[in-house]
Amino acid sequence: MPEVIQTYTPLWACLTALLAVIPILLLRKESFLREGATFVAGVVMLGFVISMVPEVLSGKVLECTLVQITEDVPIKFRVDGLGMLFALVASSLWIVTSLYSVGYMRGLKEHSQTRFFVFFAVSLTATMGVAFAGNLLTLYLFYEMLSLATWPLVTHHQDKEARGGGRKYLAYLLGTSVGFALPALIFCYVKASATGLEFSAAGFLAGTGIEGSVALVLLLLFTFGFSKAGLMPFHSWLPGAMVAPTPVSALLHAVAVVKVGVFCIIRVFTGVFGLEFLKTLDIAIVVSWIAAFTVITSSLIALTQDNLKRRLAFSTIGQLAYIILGVSLLEDRAVIGSMAHIAMHAVGKITLFMCAGAIFVATGKKYVSQMDGLGRKMPLTFIAFTIGALSVIGLPPTGGLISKFYLVTGAMDAGQPLLVTVFLVSTLLNAAYLLPIAYHAFFPKDRQLSSQPFSWKSTAEAPWAAVLPLCVTSILAIVLFLQPQVLLKLASLMVGDAG
Amino acid sequence: MIWQFDIIILIFLVITAVISLRVKDLLAASMVFGTYSFLICLLWAGMGAVDVAFTEATVGAGISAVILIATVYNTRRDSSD
Amino acid sequence: MSVLINIISIVLILAGLVFFLGSVVGVVRFPDFYTRMHAAGKGDTLSSLLVIMGFAVYHLGQIHWMDFAWADLLVVLKLLAICAFIMLTSPTATHALMNAGYEDGIEPLMRKKGNALDNEEGEKGR
Amino acid sequence: MKWVGLIAVLFTGGLLLSAMDDFPNWGDAHSPANASPVSQYFIEKTIEDSGVPNMVTAVLADYRSYDTMFETVVVLIAGIAIMAILRVGNQIPRGARPAPVSAPASVNDDHQDIIIGTTCRLLIPVLQLFAFYVIAHGHHSPGGGFQGGVVLGTSFILAAIAKGLDPALERLPETRYVKIAFVGVVIYSAFGVACLLLGENFLDYGVLSVLLPTIDAAEARSHSMLGVEVGVAFTVSAIMFAIYANLASKGELEGGL
Amino acid sequence: MGETFKANVIDHFNFWVAVVLMMIGLYAMITKNNLIKKLIGMSIFQTAIILFYVSAGVKDGATIPILEHHAAETEQVEAGEHVEGHPVANHEAHAINPDDYSNPLPHVLMLTAIVVGVATLGVALAVTQVIYKNYGTLEEDEILAKIKAAENDG
Amino acid sequence: MAEQYPIIVLLVLLFGALLVGLSGMVDRRVCFPLAVTALSLAVVVSVGILQQVINGGVIRYFVGGWSRPVGIGIELRIDTINALVLLTITTVGLLTAIFSFRRVQEDKTEKTPLFYVLYLLLIMGLSGMVISGDAFNLYVLLEVSSLTSYALIAMGKSRRAATAAFSYIIMGTIGASFYLLGVGYLYLRTGTLNMMEIHQAILALDGSSSTIVVAFVLILVGLMIKMAFFPLFGWLPNAYSYCPSSTSCVVAPLMTKVGVYVMIRMMLTVFGTEWVFENLQYAQWLVGMAIVAILAGSVMALAQVELKKMFCYLIVAEVGYMVGGAWMANHWGMVGAIYHIMSDAFMTLCMFLAAGIFLKQAGVVRIDQLDGMFRKMPVTMAGFVVGALAMIGIPPTCGFFSKLYLIRGGMESGHWGYVVALLISSLVNAVLFFRIFEIAYFGKKPAEGHGHHENHSTVSVIKEANVSSLVPLLASAAIIVLLGIFNSDIVELIERALNGSQVIGMNVLSGKGGQG
Amino acid sequence: MAYKVFIFILLMVTWVILSGQFDAFHLVLGLISCALVTSMSADLLFRERDAPVLQRVQEGWSLAWYFLWMLWQILLANIAILKLALSPNALQQVDPSIVHFKTKLKSNFAKFLLANSITLTPGTVTIKISGDDFYVHAINDEAAAGLNGEMERRIASIYRVESAAAGGKGDC
């Protein structure tokens, strides 16, 4: 067992965002100060998270128990490698996103900005809570909190479209979590309340004697229950939620919501069942095939989408399925790849979304078909877009390559050549739906456009606050390619435990 | 008490109960209900429950009937059943 | 002595029952509401009086005059008080019922002569 | 509806009758209910505990006086409820209304039926005296606070029936009967609270003997029973009249039947 | 047959009639259309329950549950005790035989039940008057029709 | 004084009512402070009782000192379960009393004293029912609470209040009479009214008596009418939705829950779980009915357009939860049912308080009139959201944990239908409440396209409610969350009562199955 | 005041008859009760005239004799009814009529007494009194003829103040 340190730092990291709500509310009249508060909170949170990194890296685990909520099961925070990895990604990207959202919201003169920032902060708290959750109950609690806190964000526009999207969003997320995850949780509680539902590398369900179809049903309940992961057939909320303002979409699809989904599923695999236990049960392959199906199907759908954000959304579904696929292979390297892919994909996809937002802010264009030659007007944005796309596809010099490498080798380790093929085919598909956008932006199909000489003067970028973050994230994608050690170390910590 | 009396009163009780529920005139129904109360009070007195009988005499045959009649007077007498 | 008293009381009670019978038969046989009330009202009064007096007399016989207790005599007095009560309320009840019947418009059965009440009401022009 | 009702009723009746085999015979002195130590205790020890011959009164006002207190509260609630539901018109509860300028509370009003009026006039005081008798002699004969209270209330109802509601309300105006009703419950619970203050359980009257040194615990029980019965009678009489007055006048407290 | 009849009917006749009365009342409460009829049914139902209880407390050959007055007084004289207002103070002379007196407990309970019954009846009648004021009828079907009509209007 | 707490909690309320009645006639303004004072004292005393029970075990209080032989007097018997329910009742009473401040003053100025008298007596009746240890005394107090609630409901201004109250009276009387009859059957066979003594007698009869079975069925049916269990719930929706809001706020959370509590008490203390679950084979049936109740309540709630009506049907479903849990015949089902009594009381309170505020401030009756409430009344909506989340069952609110225990019970006893019904009901609740949120968030007619409602020029007259309404709402919301967070402590108390109970047959319930 | 004392004593006598308990406690209860009833409804009993007490006692005495006479009349009435009811041709003998006459009696109590006496005597029942007018239902002519005023005379003689009016005959 790893060394355990009792500390309240995870709590503080989690609460920072929630506490930020107060100044945001108080300063609602002064927009600069309000956004300043958001920003400061983000930095402070990141500070807390980073302060824990060394200890986690040295193989220790940080814990703090808040309240004993039922006899055996407390609300508990526990920081291990996986959680740390996720928290790092989430908190660092939050700063970027909040900066970006300042630009975006101002740029479009959105209404109810205070509410937006409040729920933004609450969502972050929930995300951090999920990241640091020490047991299944805490995880579920913050998972639901996130669903609810993001609903006002998704439906921010309060129009008909938002209403439909919001309805779908909640129906899927709450429906599955109450319908599937909750019974599964209660089943676990019934079976193993003595363990406190605490995540452990061996899995707390190991030794409770469940097996066969029961275990399979349970696993599927969890997998579909955390439908934020967007696994088919419970994926259609994700494109629907595209009605949200772009910073939200960025956060949703890159960081907070969907990653929470896959994070939860990884937790279920590694913490609830335990990889070893799952291997003995021999049921994870079902999940693998579902994920594989999702990967291919979503990529194919993405190809047909004209709306950029929708295309990105389907891309996200595919990428998430990668992660699940990876973890369901139960091979060390595949799992490490999955975890790393959380970060890599987050950085890549957030870049893409911010680009889409920036394009919308600057030109009001939403559709891929309208973006012919836009790269000449917005070169920085589209450079970043290209980098993000490369990262998502998994091409050098971006971090995506590394995680994909791990995933594919993991699949080979598992002896599933068919799944290796799935990875490769989908990579091709990824390239097929992303790269043409970048290409045509710089080299328009329209001769007239391409014939015009490029000059910096004619560029019309979005406001700096919107452009800066996407530059930062694209650079981050490259940095992750060069320096992935920290991430990999964190990810392998988990696997190392298991081994 | 003498069980023959008991049985006679009990049969009368059933009869008055049925009548008070079948009669269409509500005032009459209230009156017959008063009779019912009085009969049952008699029965109880016979059974040795004098306090209960006394109470039923004052309440059932007295107050209940009076307030029923007061209500009938303030609303209407005829009923469909 | 006590035999005599018992006989008196039995006679009284029996007489009361006979009158009860009479009034019941009257109620059955008489032709209309008012005449029936005659039978009911009068027969009721006297027969109850007689029965209760019979009780009173019987109780008088039960008093131990050697070991006199006021409470025993008081029972007799209470029974007599009930008699007075009946004398007071029974005619009132009969009257109230007849009056109510009249107000309710039940036509009295009349062989001859006019109805004095109708005449009066006609005069007053009600 | 009728068929549903009939089926439900027949079913219930069948259910109730199904246990009939298991019942003790009617009049069986050794049935579980009759031979239980509880009722044996009541019959054997009432005299010892409080010296009250009427066991019903003793059980009502002493052993199970807690029930009886709430029974009184039920009566109070009934009155208050009817006022709350039905009462309309003047301020509630209506204050003492100004004395009518014309004839004072007259019982000789000619427009009323002389025969009924006179009978009731003669009956009312006797009825009231009888009510007091019933209350005071609940220990020795059937009766007690509740029956006496009802008779007392009936005497006012009789006045209202014979003479109209207004004269009756002049004798017992709304403010007064509401007050009396509340005071009745206050009296009852005050006995209990007195016991509480003297260090015993609620309504444990025996301890009240310390207040009057000449009596022992049994007598204290006996007298306290009378006291609580008086409280019951207060509430019951006032509320019975209140119920009639409100129901007879549709809550307007004017006119009446 | 005869024995069963006796055991089931004669010995339990009170209970039988109580149940029959209850069912009459219950049937009226459920199916009668007129509100006042329902309330009469309710009262019959309650009285029948009271009858049931009282029947449970009957003892053959027992008297009313009030201790015999004279016996008590003579007893007192014999014992030579005198306590003001309490004719009975000596309880050793005769043991009281519980079989001689009816069971007082059901009586007490039923006093309470009667009170509750009249209280309920009063409140229900008040509500009835309010209903009549609002709808001008006491027939349930007519009231329901009026409610429906009002709903369709509004 | 401390040993007198059980009676004091009732006396405080009784004297409060009497004082309100006597002094309210003189000056109406004293009613409210008096009522609130009495209720606060009651809350304090019930906290004291809880403490006492936790420290000293079961309290047996013999009114009138008649303790020997047991059963001649009336016993009050408090274990941790009653103490908790008692505290719930008084707290709900206090919060609603605070809430009633404006409403009663504005609605029924003249009848203010009468209202408070009835109100306090209602709380007293419910409290008395909960702590009573005597089967007949329970009936008397049942009638106290029923009569007061009839009157409070009939005081509604709506034309239909009277008809609703009438059907409530009829059904309530049938229920109470059945209970009385059941007690009569019990008395006939056992000869006592004290709950513990009845239990001893039933044990001695050894399950052979058909009278006891009939008695149990009668009591059960009577209580089911009182608690509006599935086929017998017809009176509830109208009665609770046409009464004044301050009445519905106290009646809706408490009446049905106390009914459920009494049923559980009958099962645990009077008949004994062994007898109930092993001698009678009703558990399957009742759980089946509970499933139907849950589903029917949820479906009917979906069909409602009026806010209060919808909540009323949800109550029907919630009663199904509790009955199902109690009849699960295992430890966790019972724990869940008892815990749900408390959590549901506060959830319902929160719902009805919010509905009352909406009705008062904005005249909202139907759900679609709630448009834009998030903007107009943010604080109220915040409280409402917490309650709604609890109804859906989202942690860390108490609704989640009661469902957790109930489902655990269902799983352990293999009532999968019940588990599924509970989950479906949660989903329906989610749909219902998010429909409301959506309306309140978007408004009735969402603007087409990109909504930019930056200017608030279309300011309506609807304003946030005043403090006396918000305090109870927020307090109930806070209690919902606190109950959830500290549910382990409460469950421990419940378990202590279940384990420590003298009732034989607790072995059915005391074991924490499922671990082995 | 004297009147109230009179009422009080009257009530106390009634109480003693009712009570049958002669210990101090119950007598005190009786005193309290009678005082209460006196204060509540003394005005209901005999409030009409401020007659001297002596005259009242005399009246009471003659009233008692009147009652005895009345008992006799009631017996006669019942025998008549019995005969009528049991006779084979009852319907022929029944020949009802409503008779009207004016009374000279002034006080309400006297009128009341007369009315009740008429009701209790053979074949007649008072239906209505309106002022001085009596409306009596007689079961046949014989009964109607029985209203010859003897009763009214007797009552008038009890209340001597009104004796001047004695001899008033009912007109048919």
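Order as written gives the chain letters A, B, C, D, E, F and G; numbering starts at 1 within each chain.
Here is the rule we go by: a contact is a pair of C-beta atoms (placed from the backbone, for glycine too) under 8 Å apart; a residue touches a chain by one contact, two chains touch by 3 or more.
This one's a predicted model, so the numbers in the text were calculated from it and none came from an experiment.
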Smallest number of contact steps required from subunit F to reach subunit G: 2
Farthest-lying chain, centroid of Cα atoms versus that of subunit A: G
Comparison of D-F and A-F by number of C-beta pairs in contact, larger one: D-F
Closest chain to the centre of mass proxy, which here is the mean CA position: F
Distance between the centres, which are taken as Cα means, of subunit G and subunit B, whole angstrom: 31
Separation of subunit C from subunit F, taking each centre as the mean of its C-alpha atoms, in whole Å: 58
Length of the line joining the C-alpha centres of subunit E and subunit G, rounded to whole Å: 39
Residues of subunit D engaged with two or more neighbouring chains: 16, 21, 23, 27, 31, 33-35, 38-39, 42, 54, 56, 60, 64, 67, 71, 74, 77-78, 81-82, 85, 113, 115, 119, 122, 140, 142, 146, 243, 247, 250
Per-residue overlap in subunit B, given as positions that touch at least 2 other chains: 3, 50-51, 55, 59, 63, 67, 70-71, 74
Residues of subunit A touching at least two other chains: none
In the complex with subunit E, residue positions of subunit D that touch it: 1-2, 4-6, 8-10, 12-13, 16-17, 20-21, 23, 25-29, 31, 33-35, 38-40, 42-44, 46-48, 51, 53-56, 58-60, 64, 67-68, 71, 74-75, 77-79, 81-82, 85-86, 140-142, 146, 218-219, 222, 243, 246-247, 250-251
Subunit E contact footprint on subunit B (complex, rising order): 1, 3, 6-7, 10-11, 13-14, 17-18, 20-21, 26, 29-30, 33, 36-37, 40, 43-44, 47-52, 55-56, 59-60, 63-64, 67-68, 70-72, 74-76, 79-81
Touching residues on subunit G, where the partner in the complex is subunit C: 14, 16-22, 67, 70-71, 74-75, 77-78, 81-82, 84-86, 90-91, 94-100, 115-117, 119-120, 123, 125-128, 130, 133, 135, 137, 139
Touching residues (chain side subunit C, partner subunit G) in the complex: 18-19, 22-23, 25-26, 29-32, 34-35, 37-39, 41-43, 45-47, 49, 70-71, 74-75, 77-78, 81, 87-88, 90-92, 94-95, 98-99, 102, 108-113, 115-117, 119-120
Complex contacts: residues of subunit F adjacent to subunit A: 332, 389, 392-396, 401, 403-404, 407-408, 411-412, 419, 423, 426-427, 430-431, 434, 437-438, 441-443, 446-454, 484-488, 491-492, 514-515
